[in-house]
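The following blocks contain the structures, represented as structure tokens.
Consider the two complexes below, in which subunit A is the common component and subunit B and subunit C are the respective partners.
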Partner chain A sequence: MSAVSYSQLVWVTLPEIALVVAALAVLACDGTVLRGAAIARRRGVAALLACVGSVAAMLLVGSGPASFHLPDGMLVMDGRTRVVQVALLVLTILTVLLSEAMLTPAAEGVAGGKTAFTHHIGEYFALLLFATVAVLFLVSTQNFLLIFLALEFLSLVLYILTGFDKQSQLSTEAALKYFLFGGISAAFLLFGISLIYGLSGSIDLSQIAVAALQPDPLWMIAIVMVVVGFGFKVAAAPFHLWAPDAYQGAPTISAGFVSSSSKVASFFIFAQVLTLGVFGAAGSGMWHGAAPGWVPVLCVVAALSLLLGNLAALVQTSLRRLLAYSAIGHAGYLLLAIIAHTPQSTSALLYYVFTYALTVLGAFGVLAALEAQGIDRIADVAGLSRRAPFLSACMLVFLLSLAGIPPLAGFFGKFWLFGTALNAAPQLGLFWLVMLAILMSVVALVYYLRVLKQIFVADVPANAGAIHSGLVTRVTLGVMAAATVVLGCDPGLLIRWVVR
Partner chain B sequence: MVPVSYYLILSAILFSIGVGAFLIKRNIITIFMSIELMLNAVNLSFVAFANYWNQINHQFSGQIFVFFVMVVAAAEAAVGLAIIIALFRTRKTLNVDQVDLMKL
Partner chain C sequence: MLAWTIYLSFAGAAAVLLTPKSKPQVTRVVALLAALAGFGLAIAGTIAYEPGSIVTVAQVPWIPQLGIQYHLAADGISLVLLLLTGIAATAGILFSWNIENRVREFFAFYLALIGGVYGVFLSFDLFLLFVFYEVAIIPKYFLIAIWGSAPNGDTSKRTYAAMKLALYSFAGSALVLAGILAAWVVSGAKTFDMQVLAKYPFPVHFQMWAFPLVFVGFAVLAGLWPFHTWAPTGHAAAPTAASMLLAGVVMKLGAYGCLRVAMMLFPAGLGAWGFHVLGFGSWRDVFALLALVGIVYGASVALVQQDFKFVIGYSSVSHMGFVLLGLMTLSQIGLDGAVLQMFSHGVIAGLLFAVVGRMVYDRTHTRDLKILSTMHLGRTLPFVAVVFTLAAMASIGMPGFSGFIAEFQVIVGVWHTMPWMVFVVGFGILVGIGFTWRALTRAFFSDGKRATAAGPPEHGPLAAVTWPERCGSLLLLAATVTVGLYPQILMNLILPSLNSPLFAALRNGGWR
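After this line comes the complex of A and B, so read on.
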């Protein structure tokens, strides 16, 4: 083990440092200069500082050393990690911009209208930035100690963001469920890590990979435990129990962040752990004659996620719960790419998870803009296209992209992902799983179209007026919808970044 | 010299007690304690493995891991208790069976 100089460490973690400085600046500004100012003003300043910090971090990521590798895989940076980091920072900026809608008090006299969900503006934005620091560390390490620390850092911040509306019974209940399931899954992950450490004598993924070549029954227990831990983070069935409640109860923008940024980072590191760390213990998921390893375990998890997520979404009445179950279904598609574990499938995974995060954050953004009017259930959005044409058009793009309709980004993501899964090594036997995934994406179309039918076809309720949303929200949503269309029409724009 | 397998068996037993308590107990604080028990069971196995590997190749990252796990457990306690207090203020109960506004 060789020593690392502190100046080098500071040099390579400059993006994270910039974010922490921005978070502290947000807190300091909000607590001192703006104490007692109007919420709109505090929100504007905090959002501005958060955006400046994120952009600075993005520039630092871009201008940092091309590639470096600290001893024991503590921090590893290459071209692809950098792309993931930039994507995560973009998602943070979008989240910050979209939170405008959530923090604007509803106009007086709106039936069922809610006021801003919190007065703690500075803390909210600072926590968003801290969560971003956690995801940046999470994707740039190949060492189990740092993976565990970053994952817990991220989880703790997300628990707080979920329970941020502390006056609301739903929000605190969501936070409690998220916290308890998160705690037990962290314990499982840790037990898996301790077994892997015991078997290999190392917590560095590249050294574990050498030891994993000798199969041992204990490896299977360790791998199953690690899959439980990560399965919780990515909300895959049967570890999904927290997700619908957390998505429904959490402040909408927090739910958007949980479903986008945290998902991108968790999937990336999950793929890293399995393909770099325990690659040797892959096994086979063939229908007849499965061989032990992590592939059959993940096949079961993916199949369950596909079935449960998509079928349960059919019967939901709450829009956010529907998005939660569809997120479980999407976790199934994404696990397919991890199971295939070829270089192409990892690229497809990144393309899919980036576009998924963009569209699902957009959908939550639209819901956040509507929530000020007290809209949450599917029945409430009846005739929305006449009340809020622009928001409805954005929702149309996001939901059709989630369903995988050409020419939107979600279609190409699914197409590429299924293609690479079919082309994966034949001994993996993924044909049945790909067929199931295609079948389930047809089912998914049903519940997305059900929402769109309410928005565009159903009659407007008698006493409903037009819905106005803020300029920043509309511009952000418009840009996200345009990006969804452009990335679908010309996938090459993103492909050249995600292919190594 | 106690063999490493003894420690592992003890650790697995403690972990199972934690999982069992998590599933059976109805009081949120007790459930929370069972999570801590599981983390400490893992700590035991980390220390046992670290001792084992230290004799073979002088690697003891497991011991360092344990310190971080303790720190994380403390941070988790801070956040967890804050959430429990917020919940108690809105619901006046600490029984998980009554925290059921949202169902599948």
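After this line comes the complex of A and C, so read on.
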């Protein structure tokens, strides 16, 4: 084992260092200079610092070493990892920009309207940046120990972000639930990792891959433990129980971050672990030729997620719970790409999860802008297209993209994902699962259309006035909606980055 | 040039959103200009068309990693349907001149729908075709759910109908998507180009299940019995222009998909199974029978409807049965008849819905034939009565109108291939004459003796027929009469295209 010099280590972790510096700067600024300033001012400065830090990190990722591989797979960088890191940083910037809507002390005199949900502005943005550090580490390692550490680091920050609204009982409950389930899932994951370490004598994915070629019943137990652990993280049924409560209770932007950034990183590393680490124990999920391995396990998890997520979303009355169940359904679609485990399917996975993160963050952004008016239930958005035409148009784009309607990004994501999944197994072996996914996307249209029906069709309730939203929020949402349309019309813009 | 039909429609949709809210007249004129431009382009394209050829409008790589091209092209069959779309779009705008509520959004959704329809008829890449096919779904939903007719202020029916229509369309397209993906994988995951795939020798056992999957997926939108139930409710609940488009062109999307995708790519799926179940020996027998049931069932149900709009709605199911039956004859004359019937029904159904929805309902505010029969509409609205009489004559297949030559060819095709069905079709036509006659006499020429005891309901003098309505009616009547008197103008487009290499596999697989 060759030693790593500290200068090299600093060199390859510069983006993360930049983010930590930015986070500390946010804390320092907010705690000293701006101590007595107005919330809007503090928010502006903190957001600016966070954005500067993220942009700096992005430049460092772009200009840093194109590829390196520290011993034991501690830190691994290649073209695709860089793309994922840049995407995660973009999501962080968008999250920071959308926070404006949540931290505006305006909306006075609106019945049920909320003021800024917290006064701890600095801490909030610092935590967002710390979470970004965690996801950056998570995607750039192929070492089980670091994967676990990064995952726990990320979870810890997300628990705090979920419970950040201290006045809200729901928020506290959500954080507690998230924490308990997360703790259990971490135990499962750690148990699986320890079994794998015992079997292979290594925590490096590439060395584990060699050992996993020898089939052993104990491998299956270890892999199932790992799948359970990650299943919690990506909110796949039947490990999804924390998601609806966390999405509903958490401050909207925190929920947006959980459903976008954290999802991208978790799915990427989940795919890495299974396709790099235990590729040899894949087995097969074909209808007529199932073979034991992690693929049939994932097939069951995917089928359950598709069914439960989409069917349960039909009966939701809270917009955020609806998005939570739809997220479970989308986890099912994404698992299809891991089940296919071909090089092309990983590209399709990345395309899908990037566009999904973009649209779902957009949807949460719209909700955040509306929350200032006390809007949470589906019934509350009645006639929104007359009260807030711009926000409604953005919501239309985001929800239709989630439903997979062309020419939006979500449609091509689904198309490519289904295509690669069908192409992966010989003789259309995965047709049953793809067909299920396609049929569930029909179900999904029902609940997205129900929301859109309220927004565009229902009459404006009496005594409801126009809804105003901040300029930054509107510009950000407009850019995101435009990106959703552009990526759908010309998917090649993103494809060439995610294809290795 | 033809590609601009699509671009202009979408550009028009964006343009009407930018018109000032306070001047709805400007919005209407802009929308009309966009539709007229599309119509003009379709005519120009037809004039420049060399019969039998395939005009490539655009062919550039779109997503090369998956072999997807932006490939727009047209043959004679596409052109016929482009013409139909142009006519129906223009007439639809003329008949929605009286929309006052959220005018800009209405025409934006309307033109977006038209753009999607043009796109489907011009796509020669499966992926592209599917994209346009789905683009057309969402505007339909909003057109019905927002501007649909709400008798007595009850909006639940129209939202129900809109959701039903969207779900049927989307479920159908889900089957199509599965079939398209499977075809892509089986052919080596290299291309979605229909000109290439039409020549690809798909294994017969694959075609045997891919064909019914894709055919049913498209046929849902063509009103194939028993998947037709979205059609009457959707037609009845939709605003006039949307009913005209639904019956006029959207149902044709389904029929076109059946022919262009299911039959052209998987012709062996129509071949014999090699065994018989309940007397059925192939998918062709199954779908022919379903189409036949649709003809008779639609006509019979239309015969007993009290709601004027439902009469027309079920008549659409019946007439679309002719299209599907014509396709299943697998003979040149039958297929020619089917395509002609697509055009003919598009124009005639558009006219019938215009009369019922715009000219009658918007004035009398009732669609109940019992109440209408007390109003002496034949005297108060003579123009409307004349239009409806002519449309009814076209609908029942009187010679001189387009319906005659289309249905006649279908029947000849059926006679050659499945002779016993002709008698059932004949019965269906008789029932068709029955319900058309009943609707005509009840609505317009009733003597009012069967009026309810309470006497005719109170209503003020009916508004006069406006110019846009006259223009729209004349446009549609001119189309059906022209084709009826001189069907060659369309047949010269259709027949050479049916003999083109694209359909070679279909012709070789038992063309009669």
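Here is the rule we use: the second predicted complex is superposed on the first by the 495 of 500 C-alpha atoms of A that agree within 3 Å, B and C clash if a C-alpha of one lies under 4 Å from a C-alpha of the other, contacts with A are read in each partner's own complex, and residues count from 1 in each chain.
Definition applied: a contact is a pair of C-beta atoms (placed from the backbone, for glycine too) under 8 Å apart; a residue touches a chain by one contact, two chains touch by 3 or more.
Nothing here was measured: the structure is a model prediction, and the numbers come from that model.
**Student:** Is the number of subunit A residues in contact higher for subunit B or for subunit C?
**Tutor:** Of subunit B and subunit C, the partner in contact with more residues of subunit A is B.
**Student:** Could you say whether A:D245 touches subunit B, subunit C, both of them, or neither, answering first, second, both or neither?
**Tutor:** Only subunit B is touched by A:D245; subunit C is not.
**Student:** Go through the superposed model and pick first if A:G280 touches only subunit B, second if only subunit C, both, or neither.
**Tutor:** neither
**Student:** Taking the superposition as given, does A:G478 touch the first partner, subunit B, the second, subunit C, both, or neither?
**Tutor:** A:G478: touches no partner chain.
**Student:** Return first, second, both or neither, reflecting whether A:I438 touches subunit B, subunit C, both chains, or no partner chain.
**Tutor:** The second partner, subunit C, only.
**Student:** Once the structures are superposed on A, label A:G470 by its partner contacts, choosing first (subunit B), second (subunit C), both or neither.
**Tutor:** Neither partner.
**Student:** Quick check on the superposed pair: does A:K453 touch subunit B, subunit C, both, or neither? Answer first, second, both or neither.
**Tutor:** second
**Student:** Based on the superposed arrangement, let me know which partner A:I405 touches: subunit B (first), subunit C (second), both, or neither?
**Tutor:** second
**Student:** So in the superposed three-chain picture, is A:K166 touching just subunit B, just subunit C, both, or none of them (first/second/both/neither)?
**Tutor:** first
**Student:** Touching subunit C in the complex: which residues of subunit A?
**Tutor:** Interface residues on subunit A, with respect to subunit C: 400, 405-407, 411-412, 415-416, 418-419, 422-423, 428, 431, 434-435, 438-439, 441-442, 445-446, 449, 453, 456-457, 490-492, 495, 499.
**Student:** Within the complex, which stretch of subunit C touches subunit A?
**Tutor:** By the definition above, subunit C touches subunit A via 62-66, 127, 130-132, 134-135, 137-138, 141-142, 145-146, 159, 163, 166-167, 170-171, 174, 177-178, 181-182, 184-186, 189.
**Student:** So in the complex, which bits of subunit A are touching subunit B?
**Tutor:** Touch residues, subunit A against subunit B: 72, 144-145, 148-149, 152, 156, 159-160, 163, 166-170, 172-177, 179-180, 183-184, 186-187, 190-191, 193-195, 197-198, 201-203, 244-245, 248-249, 312.
**Student:** Which stretch or stretches of subunit B touch subunit A in the complex?
**Tutor:** 4, 8, 15, 18-19, 22, 28, 31-32, 35, 38-39, 41-42, 45-46, 48-49, 52-53, 56-57, 59, 61-62, 64-65, 68-69, 72, 75-76, 79-80, 82-84, 86-87, 89-91, 99, 101-102, 104
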